[in-house]
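The structure follows.
Per-chain residue numbering starts at 1, and chain names A, B and C are given in the order in which the chains are listed.
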Amino acid sequence: MSSNVEKIGAVMVVGGGITGIQASLDLAEQGYMVYLIENSPAIGGAMAQLDKTFPTLDCAM
Amino acid sequence: MESGRYSNIKIIANAKIESLKGQAGNYNVTVLKRPRYVDEDLCTACGTCVSYCPVEMPDSYNEKLVNSKCLYIPYPQAVPASYVIDPKYCLFQTKNECRQCEQACKDLKAIKLNQQAEHIDIQVGSIILAIGFDEFDARRKKAYGYGEYPNVITSIELERMLSASGPFTGKITRLSDRKHPKKIAFLQCVGSRDIETNAYCSSVCCTYAVKEAMVAKEHDPDVDITIFYMDIRTQGKGFESFYERAKTKFGIKFVRSRLASLERIHESENLLFKFVTEDGKHHSEEFDMAVLSVGLEPSRTAKELADTLGVKLNKEGFCQTNEFSPTSTNREGIFVAGAFQSPKDIPESVIQASGSVALASGFLSEVRGTLVEQKECVAETDLTGEDPRIGVFVCHCGVNIAGVADVKKIREYVETLPDVVYAEQSMYACSKDNQDKIKQIIKEHNLNRVVVAACTPRTHEPLFQETIREAGLNRCLFEMANIRDHCSWVHANEPQAATEKAIDLLRMGVAKARLLSPLKEETVPVIPKGLVIGGGLSGMIAALSLADQGLECVLLEKSKLLGGNLRGIYYTLSGNDPQKLLRDTIDKVTSHPKIKVFTEADIKEVTGYIGNFLTRFSIGQEEQTISHGVIIVATGAFEYEPKEYLYGENESVITQHSLEEKLALKNFNSDDLKDVVMIQCVGSRTKEKPYCSKICCSQAIKNALKIKSIKPNSNVYILYKDIRTYGFREEYYRKARNEGIIFIRYDDNTLPLVKEENGELRVEVFDPILGENILISPSLLVLSAGVDPGDNRSISKLLKVPLNFEGFFLEAHVKLRPVDFPTDGVFVAGLAHSPKPIDETIAQAQAAAARAAIPLTRGYVMVEPVASIVDSEKCFGCGICEYLCPYGSIKVISDEDGDKAQSISASCKGCGICASKCPRQAITMGRFTNEQIIAQIDAFSLATSDV
Amino acid sequence: MSFEPKILGILCNWCAYAGGDLAGVSRIQYPPNMKVVRVMCTGRVDPEFVIEGFLVGCDGIWVGG
């Protein structure tokens, strides 16, 4: 167990799709330092490619 | 895309994890950042360099349907908003020549052709894995001809074709002849539910195919669309009614079939589908285009990442998790969310994202806030009594604006406008240097309003507002004129008209700026305590999760016992013990020092707003009132009580829940299990209850397998519409078929007929495979009764939160805010939101707790200065505003002065519905007052002076 | 010269105004007659704005949201 570990108030989020972005935003709003690591040159992931989303057919952006 | 704006989110793109050292709570991660050959901080994404780049390559964002330059921005709204060079194509990187882009960017010097890879060491307490999925490579199904037949495309390619900003500006286009197809076939389960490739169900393809088909129909109502499928799995919230609409309103054809072959017709480049329908008949039909609904596979980076981190993958290559802890990996402090955990849609991914945050935050709660820098705040200059002194900055944006409009002329014109004391042209108004310059000029010229004519305020306003704030000006004394996105870019061939329009836009902006006034940036304190309504699994998990994050909470349960529907679940498909989960969770909840549980509690009244709620409830005769900052609604749902199929009349007709109890408690005799018929979709997907209850297919298969394990020679028949064992549940459907469970499909025209003859049950149903009716005399008839939301109207009224047509609670945004209500500070989780299995319930309860923890941990709510302001002199308390406000953010309060509306600025979103409907014009909106908007309109009408 | 209407656009920040931005990013060309007033929601649009627009000489008003 890591009870004697000096904990760090930062979280690394691996993957900058909609899931990683949402996790990063929630962590940041809670007061953690967030490192968002994305494999490609820009975050956005698969959702950035979607034209509209179901069922409201809102714009995915 | 707002993550680019948080100072405590550092985005490291073009990077991967190289190694992990240390232990949970204090991990040391080395990240490899590959060179992008463009300095992200210096690049303003003006795009000037692109026209100089001579090299073209396939554009991955557009699924390689078109080309882009090898110096590119991945897509228009990309974050980081910076270009990047693909070294595989760049002439300098491959042949050491060219360097034209460097020349193009000689002012900013953002191109760094000699940039090297960096190894960055980062210390973190926890890690969340959200690497997503990769789409199935359709080339692996050779028979479908993808990559060979030009008019066979994937669903993702179609998605880009349908996009107005995509390669064909929203028109579906045959790649063979660039014509618009008139007859399109979708083929489902390409790389899903297929032993050769992926045995699991990808969960999302049916829904996206229905969506794409509908959008295609909207673009061209004459297009003929057929979807070839095995089962339509639209189990998500709200999806079933869209499937129905696709069939009935859009005329999209759905054909349940097996594909025998897909052939290319060379002359026309059409495609011949040969398929077998369930009655065994062979058909063939020609189509102009075929769309392969490709499945979701583990990301190609998954294996390497898992090895680096010591995280286990399941046999399918997704992250290994347990049903009862869906976002935990095998390593402490490392969590998972989204499609890396299992194939899933956007709302489920967003839910898991927040759910994993609850766990990470619970793990690190004692060090929360320790690494976040607090910016020191410059005191605001007092402007009382000062006349407007406006400074205007007109941006060239490289050549983006200046290449079309005459920026000098614009600047000269602006100088003639009243109250403008300073005007300047900037090469890049948003560059770092220019921010310092703006600050300096504000001081030198004593400016008290700033107008920037550049790009869109939607991306750049916060930056400039921050700048003027650092110079001591209130953020609200700022206005932008969008002379790029709304002008030079869209009138590129009309330089004179663009210049005139830019002048008009600036005159309007300045007219508004003259009337801007500073608005107080208020904060409202938050009581750091949560209220959870409902003591079922979701309520208990939400309460525990809040408590684990270090927050106090009160859990109210209406009945005598905690546990809700979980009390009646005895085993799960994957073999976990829900009764142990029930006992453990109740133990933890009742013994946690931060949780206070009240059972038999009845809520009488809820008042207040985010941060400051007051709830009055009774327990028997006693009444209590508690104050709290947030509310989580986890009121659950019920098993539907069937009115059909002799339920309640014949005692051998029971529901799945009672069957499960019988089996678990061994409360049956052997003959009961001899011939069991199960009927699916009882109280689901019907006229009265049109939604899919999501869990019943898995529940039926679970109980059917249990019967087979107790009594292997029993006959179990499942009468179904579509079997919806999505995700990894598909494995159990296959197992059920292998164990001889008989599946008979019915539809609305062939509903099973249940009769009692001489005390014996008789079920008659049409078997589409045999093509005739069959008769079964079951020893037990089990109805898969759906999930009934019950009557949520009273809670909905108490909290002023909406319900959908079906009676479940309606979240703020189906995709992106699946646990929030439109009213700030109120959240939803579990069956109250929609039918869902245990794992999704747990993730959603944790998600609600993570979202609710945001205001609680921060301790205050920032009030956006765009909030409504009521002039109580004018207000006469009619209440129209309160009735219309979608966020419950304005209320009529009675006091000695009579009834007056009061703005609850803590939750106001600034939409202004109240202001526009107020009969006394007593309400105004911060930064969007009537006077300001009218001044803009008036300024527009002034004739453009000779420019 | 042909008639060039003066069109006022009152656009919602979250959708129609964003659509205007996207048109720009996509370099979709359209006539320059419309000038935009941004609001946070078309619910903000008071009928007075529309009347004022016509009174001061707009030929058309588009409330987009």
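The definition used in the following text is that a residue touches a chain if its C-beta (ideal position, glycine included) is under 8 Å from a C-beta of that chain, and two chains touch if they have at least 3 such contacts.
Every value quoted in this text rests on a predicted model; they were computed, and no experiment measured them.
Undergrad: Out of every possible chain pairing, which has the most C-beta contacts?
TA: Looking at every pair of chains, the most contacts join A-B.
Undergrad: On a CA-centroid basis, which chain has its centre farthest from chain B's?
TA: The most remote chain is C.
Undergrad: Can you work out the whole-Å distance between the CA centroids of chain A and chain B?
TA: The separation of the two C-alpha centroids amounts to 12 Å.
Undergrad: I'd like the Å distance between the centres of chain A and chain C, where a centre is the mean of that chain's Cα atoms.
TA: Centre-to-centre distance between chain A and chain C: 35 Å.
Undergrad: Can you give the whole-Å distance between the Cα centres of chain B and chain C?
TA: The mean C-alpha positions of chain B and chain C differ by 29 Å.
Undergrad: Please output the residue numbers of chain A that touch at least 2 other chains, ranges allowed.
TA: 61
Undergrad: Name the residues of chain B that each touch 2 or more other chains.
TA: Residues 77, 164.
Undergrad: At which residue positions does chain C touch at least two other chains?
TA: Within chain C, residues 18, 22 contact more than one other chain.
Undergrad: If you look only at chain A, which of its residues touch chain B in the complex?
TA: Against chain B, chain A makes touches at 2, 5-58, 61.
Undergrad: Using the touch definition up top, name the residues of chain C that touch chain B in the complex.
TA: Per the stated touch rule, the residues are 6, 8, 10, 13, 17-18, 20-30, 32, 35-41, 43-49, 52-53, 56-58.
Undergrad: Contact residues on chain B for chain A in the complex?
TA: 1-3, 6, 8-17, 23-27, 29, 31, 36, 61, 63, 73-75, 77-80, 84, 122-133, 135, 156, 159-160, 162-164, 166, 207-208, 210-211, 214-215, 236, 238-239, 241-242, 299, 301, 305, 332-333, 337-340, 345-346, 349-350, 352-354, 356-357, 360-361, 364, 366-372, 814-816, 850-851, 853-854, 857-858
Undergrad: For chain B, which residues are in contact with chain C within the complex?
TA: Result: residues 76-77, 164-165, 456-459, 482, 484-487, 489-494, 497-498, 500-501, 504-505, 508, 866, 909-913, 915-916, 925, 928, 930, 933-934, 936-938, 940-941 of chain B touch chain C.
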